[in-house]
């Protein structure tokens, strides 16, 4: 019975790692378009939809394994966590799409000014977090997962600095609203990277940590 | 003799899980009505009543959550319910749990804004979304009720849910640009919370449609 | 009486427009300094240059020096993030975070690593009291800050700034969006805060400047016309322009 479960787990892992690759591409593309003033919304939407359907596949697989094999202990931990992680990866796609959508619809795909260069800094950190979360998933690297807490703090600080100063910045209302929403979506991506980190620590150690 | 008592035992267990599920489904869908109520109260500037509906919603969602856990525990006990049926019920229950989760998140946003002045047009747009969400949920409930009785009707209603979800989607896409129109009247914090609110309503509708998708599969097997 | 901030030949321009010209002045520690002048005189630009917020405006160019405790904040190695913690700013339009009252104040300390509930509780209470808001919100710390009135939101912003232990507090017309009662409360705050922090306030309301400050700077067309103790400026201004402004002959 364990052998069959292993094959199922492997399949599930493969889906998630593939989702990770696509999620990285989606977020990088979306942020790049935003910072450079390019319309990438169609491609981002398509990638995001792929992530949605893959997360459905992952959940299907996970439920199948639970129903068929009634796994326990570490097997159950992994499967339950993988369901959460599939959701986090799908969220990566969703927020990447949100950024492209508001960039297109609210800012007409313009390059919006960022006088304090906060958005660029935030984006850099968020992309790093996404990479780290997926790498940690690949290798079940607990130490790497735990580093996400520190970066999440930094992203939070930039987010609130932006909210604090944004109303005073002399940019168009269109860009003001677009930027405020964009930093919010970036902050949410960072949150999900941290949730992934928590799941990875749980898988590897059985310990439920809060990395925020 | 042993064989007969075995199958009777199995049947009992099947009913229990399904009963729990029926309760969970009802409560999950109820949350949408409570959200809409809160929204309509907010529109009518009846803030105290809005908060009351929201508190009731939170309590209901808690029930949905604990029912989900009970159902999964019940299902993991195995029995003659085929693995396929166990999976099906898990999917259904999980989706409705997620739907209620999103509705709860939307209600939380609404609670944060209840003492703020939000421009009427934004509120009205959102009010349309929440009442359409109730329509979505009611149609879904009708669909679920008919799965075994009349699968063809169940499938028809499931398709209706999908159409309703498109309405909410469109509403959602049209509401975001309004933030620019009203940016001067709202501060960045309110904009962010309001965006979250409509996002959660849209996600709840999505989950409604997702569940309807699954009903089509279930009804197809009957 | 020590100098907290010294500007030396400070000039700021936005594109072709010169907003402030060659301003040299010393702002004293633990005092309240008001900056007054008619609309467009550059007072807002001036105060924003004290924590590099002028960089928020595109095409801004700053020359000269601003020394905070003797160090030039426009120097190459000066850390802007630290600067903005040392020098807090309160804006005209209150801007609370989309969080609870408690989390608005606790946010800063949390980012700096304070996580224990008792410590945060104490910090939140202390700073809400300093901002004269505690009595009004002690029983509604967890609902969203968005539900507070304008005046309360402004005091919450002050509490939030105080929670990160700044040394200087800049206020850019902090009362202009508020009603008279809320204004009176904030003015009272300016007085009490100036005993512990260095407070700089931009205001278009002369009477307010007279009420709350120890020193007053009068700006006109981007230049510093006169600077001295509030008592002297208001009772016996040396410059004719100052006199004209005060008695209402313009602006």
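Every chain is named by a letter (A, B and C) in the order it is written, and numbering of its residues begins at 1.
Assume a residue touches a chain if its C-beta (ideal position, glycine included) is under 8 Å from a C-beta of that chain, and two chains touch if they have at least 3 such contacts.
Please read all numbers here as calculations on a predicted model, not as lab measurements.
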Topology of the chain contact graph, where touching chains are joined (line, ring, star, complete, other): complete
Return the chain whose centre of C-alpha atoms lies at maximal distance from the corresponding centre of subunit B. C
For subunit A and subunit B, what's the span in angstrom between their mean Cα positions? 24
Centre distance in Å when subunit A and subunit C are each reduced to the mean of their C-alpha atoms: 38
State, to the nearest whole Å, the distance from the C-alpha centre of subunit B to the C-alpha centre of subunit C. 48
Shared interface positions of subunit A, touching two or more other chains: 163, 167
What positions in subunit B touch 2 or more of the other chains? 187-189, 192
Going by the touch rule set out above, which residues of subunit C reach two or more other chains? 93, 95, 97-98
Inside the complex, what are the residues of subunit B that reach subunit A? 75-76, 78, 83-84, 86-87, 90-91, 94, 173, 176-177, 179-180, 183-184, 187-189, 191-192, 195-196, 199
Could you please specify the touching residues of subunit B with respect to subunit C in the complex? 111-116, 187-190, 192-193
Residue numbers on subunit C that touch subunit B, as the complex places them: 93-99, 143-148
Interfacial residue positions of subunit A with respect to subunit B in the complex: 59-60, 63-64, 66-68, 70, 98, 101-102, 105-106, 163, 166-167, 173-174, 176-177, 180-181, 184
Which bits of subunit A are touching subunit C when the two form their complex? 113, 115-116, 153, 156-157, 160-161, 163-165, 167-171
